[in-house]
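Next, two complexes with chain A in common: one pairs it with chain B, the other with chain C.
Let's look at the complex of A and B:
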C-alpha cells in the first residue's frame, strides 16, 4: 500500500468514520480504522457493531493495499497534520505517514479479520438531510435512558399511508413527527433504531440539501449520502402501540406564543431544584395561570390566551414541557389538556405534523 | 437564652416487651436474638439485665454467658415502631420545633414555650405524664439551655428521670463528670485525654483554646473547649425529609442459594414497599446491597424513568440486579429505595398501575389484620428450599 492524499480530504474522511471506532476493549480489531486503497480511491471504514461508517475519497495510488490502524491514535494524528499532501506507505506491518517534514510510523492492528459492514440492499426511501434531521431532532429527546427497556431506547421509523412517521417515548411522554417523503420505495416498514446511533448519524450529515438514500438489510438500516454509508443496528422487538396514545380530544384547548410559554416555564422551573416538582397549569376563562411551589418559594404567572373548552387545572413536569417547546420552532403552540389522569397534547398551532404527548403528575 | 428539652425513652424495646408481656417484669430481659443465636448482638436490655454487665451492642453469646437465666428474645421491630409513632405524635403538642433523633429519642426546642408552665420541672413532668398516659412507658427528660446539656441532663437520673440544668448550675454539674460524657468524645478520644491527665470535664478548663487546638486540631480542639464550658450553639433541626427507605437482613449462616436470596428479597421488598406507601411517597431508584462472607460489601442501583411505589417494581428491579452478580456466600442482603418524591409522574402505557393497585389492596388487608396476613408466593420460596 502506497498512496498520496490531500490532508483536507483525509481529515474529512477520518472525521466521519471515527464515530464508529469502538472504545471498549473487548475486540481489539474494532478499535481500528481500515484503509483500503485501489485505483485512485481510498476507502476508510470503522465498525463497532453498533454502527459502521464507510467513506470513499480520491487519492493518488502508487500501490494498492490494505492496512488497519489504531483508530484513536490515527484520527488524533490526522487532525493535527499540516495542510498539504500526505503520503502513506506500508512496509511489513507498519505504515509510514509523511506530511512535509513530519513522519510517523504506526504499527498495524493485526490478528482478527476486520468485520465487513452489513449489506443493506433493499431501498426504502430518499429524503434530504434537512428533512431527516428535523424528524430526528423533533423526537430524539423523548428516547428513554433506561437500559432495562432497550426498545424505548430506540426511535421508531414507520412507513405507512405514504408517510414516514418517527416516534420516540420514554413511557411518560411521547414525540411523534411525520413527513411526506417524495421518494418512497416501500409501502410499509417498522424498524426501531437506537437513539444514540441516530445522534451519531446527525453529526455525519453534510446539511447542504444532500439527498440521503435509506436501505434495509440484515436487520440493519443504511444511510447513503455522497461517498459515505452509515449503517446502524436495529433493535429487535415490538415498539409500544402509540396510536391510542395520540389522543387529541382533551376538554381544554389554549393557543399562545411559544416563547412566552417557554420563558414562563423556565422561570417556574428555577424553583424546582430537585427536578421533581410539577408546574400547575390552570386555565380559567381565557387566563392561563402557571404555578410552582417548592421548599424554596413559589412562582405564579398569568397570561391571556386563546381559550376554547372548559376551565380546569392539572400538573406536569416543567422539564417535559420545556423539552417539547424547544423541539419545535413554531411561533404559536397549542396546548390541550384536561384534569385527571389523561395525557396532554402540545403541538404547533399551524399544523399537526409534530405531536407531543405527556402524562400529568399525580399530586 | 434557649430552652431545649431532650426526651429519651427508658430501655425502650425492653419496656415495650414488658408492657406487652407482663411476665417479663423484674427479669433480666435481653433483646437482639435467642440465646443460641451465634451472630446477634444486644440491641436493648432491661435495667435488671444491665446489673449483670450486659449492655447494648454486646454479642448475644457473651450476654448469655453473663446471664444464663435471662430472657432472650429477637425483638419485634414493627411493634416498637408502632409505639415510637405514638410517642413522636405527642411532641408537636409541646413544641413546633422537634428534632427526632431515633426511634425513642428527640430534641424539642421549648424556647418561648416555657411560660406556659409554672416551672421548667412542671414542663418536663407534663411531657412525661403525657407519654405515660398514652403508651404506659416511662421516659427520662433533660431540660437545659442547649442540646448538649439537655441530652446530658436526661441521662443523669435515668430511668424515669427529670433533670433541669440552669445556667448557674452548669459548671457544678459538668466539672466532676468524666470527659467521656462530652458529646463526640468516644472511647478512643477519652483514652487520649486520660493519657495527658484529663479525666474530668473540669480538667479541660485549665487549657486555653489555642492549647487545645494545638493538641487536638482546629475542629476537635474548639469542640472540647466550648463543650467543657457548657457552650453548644447547635439548633434543634426539624427532621430532614427521608432520603431513602431500606431494609436488610443478616443471615445466621452465609447463604449461597439464589432461590433463598430471591425469597428474602421478596420479604424485604414488602417491608420497604409498605413503608414507602405508608409515607405516601414514590421512588425512582432501587439499590441492592450484598455483604459477602468476607465482609466485602457491594451496592448496585437502578433508576427508573417513572416513579413507582408498588412491590413488584421494587422486587423485579432488585432481582435483576441480583442476577447480574456472581454470587459468593452472602452474609447480608438489603434493599433500599431512594429518589423519593411526594408526586408521581404517570405513565402513558399504564404498566405499573395494576401493580400499584394490588399493593394498595394488600396494604389494606395487612393493616386490618396483621402484617404478613397476605403476602406474595415469592416470599415463601426459602422455606420450600430449606
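Let's look at the complex of A and C:
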C-alpha cells in the first residue's frame, strides 16, 4: 500500500468514520480504522458492530493495498497534520505516514479479519438530510434511557400510507413526527433504530440538502450519502402500538403563542429543583393559569388564550412540556387536555405532522 | 476377531486414577486421609515445585504390616471396610481402596512403613506394574513419597497449572484439613520452607488462631448446639471478619471438609441483616453427624455429601449459628459504659463523651432475634428522654431488622429501656454533630469530626446522606406527598410466582404510588408510578422488591425508601467541601436515628479520647 492524499480530504473522511470506532476492547480489531486503496480511491471503514461507517475519497495511488490502524491514534494524528499532501506507505506491518517534514510510523493492528460492513441492498426511500434531521430531532428527546426496555431505547421508523412516520416514547410521553417522502420504494416498513445511533448519524450528515438513500438489510439499516455509507443495527422486537394513544379527543383545547408558554413554564420549573413537582394547568373561560408550588415557594401566571371546550385543570411535569416546546419551531401551539388520568396532546397549531402525547401527574 | 476386549490393567488403573487424582492437591488429600485413618497424631507434608516434582507425606500412625504392603497396591484393597453394610456407617475418611494404586499408577512412588509390633520396616518402590520391596530401618508409621506425578499421563500433566498455583491448592487443602483435625499436628513444608504448622492440641480455636493469626481471637463466637441428627460446634466470625468471597467458610463433617450448599446457605442466613449484600461471613462449622443421616459416597473425592432431610439440616444449622451470632452484642458498638450509666442515674448528669475511667462491655446476652431488636431499639431516642427539639414524632423509623418493634409499640420499648438503663443520650450525640469541628474528608469517603470534649468521630458520608434521605422519603410516603406520573399503560409480564406475590401485596404496592391492574394471565398493567421513578425504568424490579418486603411482614414503605435513599445518596469517593459536610451533619443531627443506616450499618465510628490517650501510653 502506497498512496498520497490531501490532508483536508483525509481529515473529513476520518471525522466520519471515527464515530464507529469501538471504545470497548473486547474485540481489538474493532478499535481500528481500515484503509483500503485501489485505483485512485481510498476507502476508510470503521465498525463497532453497533454502527459501521464507510467512506471513500480520492487519492493518488502508487501501490494498492490495505492496512488497519488504531482508530483513536490515527484520527487524533490526522487531525493535527499540517495542510498539504500526506503520503502513506506500508512496509511489513507498519504504515509510514509522511507530511512535509513530519513522519510517523504506526504499527498495524493485527489479528482477526476486519468485519465487513453489513449488506443492505433493499432500497426503501430517499429523503434530504434536512428532512431526516427534522424528523429525528422532533422525536429523539422522548427515547427512553431504561436499559431494561431496549425497544423504548429506539426510534420507530414506519412507512405506511405513503408517509414516513418516526415515533419515540419513554412511556411517560410519546413524540410522533411524519413527513411525505417523495421517493418511497416500499409500501410498508417498521424498523426500530437505536436512538443513540441516530444521534451519531445526525452528526455525520452534511446538512446541505444532500439526498440520502436508505437501504434495508437483515436487521440493519443503511444510510448512503455522497461517498459515505452509515449502517446501524436495528432493535429486534415490536414497538408498542402508538395509534390508540395518538387519536383520542380531549375535552379542552387551547391555542397560544409557543414562546409565551415556553418562558412561563421555564419560570415555573425554576421552583422544581427535584424534578418531581408538577405544574398545574387550569383553564377557565379563556384564561390559562399556570401554577407551581414547592418547598421553595410558588409561582402563578395567567394568559389569555384561544379556548374551546369546557373548563378544567390538570397537572404535568414541566420538563416534559418544555421538551416539546423546544423541539418544535411553530409560532402557535395547540394544547389539548382534560382532567383525570387521560393523556394530553401538544402540537403545532397549523398542522398535525408533529404530535406530542403527555401523561398527566396525579396530584 | 471381536472388537470388544478387556482393557489391560494398566490402562484401567489410569482411568480410575483420573477420577480421584487430578492434581498434586488430590494426591496430598488422599495420602493425608490415609494417615488420619491410621490414627496418626503428627503428619508432615513436604512438596517441591507445587507437588508436581515431589510430594512426601509422613505420619506416625499404625503403619502397614510387611505382609500387607504388596496388597495395599491392589485396587479396592482396603483395611477400612469389609462388607457392604460398613458403607452405611462409615467412620473412616477413605474406604474405596483406590488411593494408593491410583497414585502409584500415575507416578513414581516409594512407601516406607513400620508397625509398632515390627522391629524393622519395609520399603516398597513402585514403578508401573513392578513393586519391589526390601527391608529397611524406619520410624513407626508410614512415609509415602511421590515423584514425577503424571510422568506417564502427558494429557493430564499438560493440564497442571503453574507450580505456584498447584502449591497454593495444596496449602489451602492442608489448611482446611488442619482445621478439620485439630488433634493432629500438621506441618507443611513447601520448597524447603515450613509454611504451616499446627500443634495438634485438640482445640479448634487454637488451630484457627495458628492458621489465621491472633487477631482472630476477639472475633470468634463459639457455636455449640445439639440436635437429634447431629452435634454442631465451631466458630462464627463477627461481621468484622466478613469478606467479599466465601474463602473464610469451612464446613467439617465427621472429620472431613465438605461442600454443602444447604449448610452454607443456612449459616449465611444467620447473618441476615448484619451484613451488606455480597459480603460473606466467616465461619468454621464442625458437624458430628450420625452416619445414618448422611450419604458420603456421592462423589469420588468425597467432598460432597447428601442429607436425608435437607430442611431439618437447614433449620438446625441456622438455629445453631444464629444463637452464636446473637450471643454477643455484635451490632455497631455504641460506647455506653454501664458503670457510667449507673453513676448518671444516681447523681448529677455527666457529659456523655467525657473520658471514662474504666471501660466495661455491655453485658446483655440476647439469645433470640427479639432480644436483638430490643437491644437495637435502645440505641434510639425514646419518649422517656426529653424529645430532641427537631426530631419528627409522627413516624418512628423502623429498620428492617426491627420488624417486631411495630407490634410491641413504643410503651413497652420505653419500659424495657428504663429497666435496662442503657439509653444513649442522643441529645449529646446531636449536639456533638452540630458543634464538632470538621477535620476534613478521609479518602473522599469518610467525614472526620473532632468532638467537643475529646475524641474523633468517623462518619461514612454515603450512609449519613442515606439516613437523611431515608427519613425524608418515609415522611413523604406517609403523608402522601408523592405525586404519581401517569404513564402510557405498560404491560408487566411476570412469572407465575412473581405474579402471585404481587397480587398478594397489591394494596401495599399501590400505597407507595405504583398503580397496577391485573391484566390477563401472569401480567399487570402499570398505569402510574411516583414521579421520581418515572424516568428511571426498571419498575419491575422495584415492584418485586416492595412485594418482597411486604411478604416479610416488614414495612414496605420503609423498604421502598431504603432502596430509593440508597440510589440518591452521595457516594463514597464524592468530594465534599466543609460546608457540604457541615450541612450533612446538621441534617443528620435532625434525623431520628443518627446511629445506623437503613440497612443496619453504623453511621458513626468513634475513637474516644480515652482510647487515643491509651494508645499513646498517656493514660
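Assume the second predicted complex is superposed on the first by the 361 of 363 C-alpha atoms of A that agree within 3 Å, B and C clash if a C-alpha of one lies under 4 Å from a C-alpha of the other, contacts with A are read in each partner's own complex, and residues count from 1 in each chain.
Here is the rule we go by: a contact is a pair of C-beta atoms (placed from the backbone, for glycine too) under 8 Å apart; a residue touches a chain by one contact, two chains touch by 3 or more.
What you see is a predicted model; the values in this text were computed from it and never measured.
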| item | value |
| --- | --- |
| Side-by-side fit of chain B and chain C on chain A, or clash | clash |
| First (chain B), second (chain C), both or neither touched by A:36 | neither |
| First, second, both or neither for A:282, with chain B first and chain C second | neither |
| Chain B versus chain C as contact partner of A:174, first or second or both or neither | both |
| First, second, both or neither for A:47, with chain B first and chain C second | neither |
| Touched partner set for A:250, first chain B, second chain C, both or neither | neither |
| Where chain A meets both chain C and chain B, residue numbers | 144-146, 148-149, 169-172, 174, 240, 245, 274, 276-278, 315, 317, 341, 343, 357, 359-363 |
| Complex contact set, residues of chain A against chain B | 144-146, 148-149, 152, 169-174, 240, 245, 274, 276-278, 315, 317, 341, 343, 357, 359-363 |
| Of all residues in chain C, those that touch chain A in their complex | 483-488, 490, 527-528, 530-532, 534-538, 540-541 |
| Contact footprint of chain A on chain B as seen in their complex | 302-306, 317, 320, 341-349, 351 |
| In the complex with chain C, residue positions of chain A that touch it | 144-149, 169-172, 174, 240, 245, 274-278, 315, 317, 341, 343, 357, 359-363 |
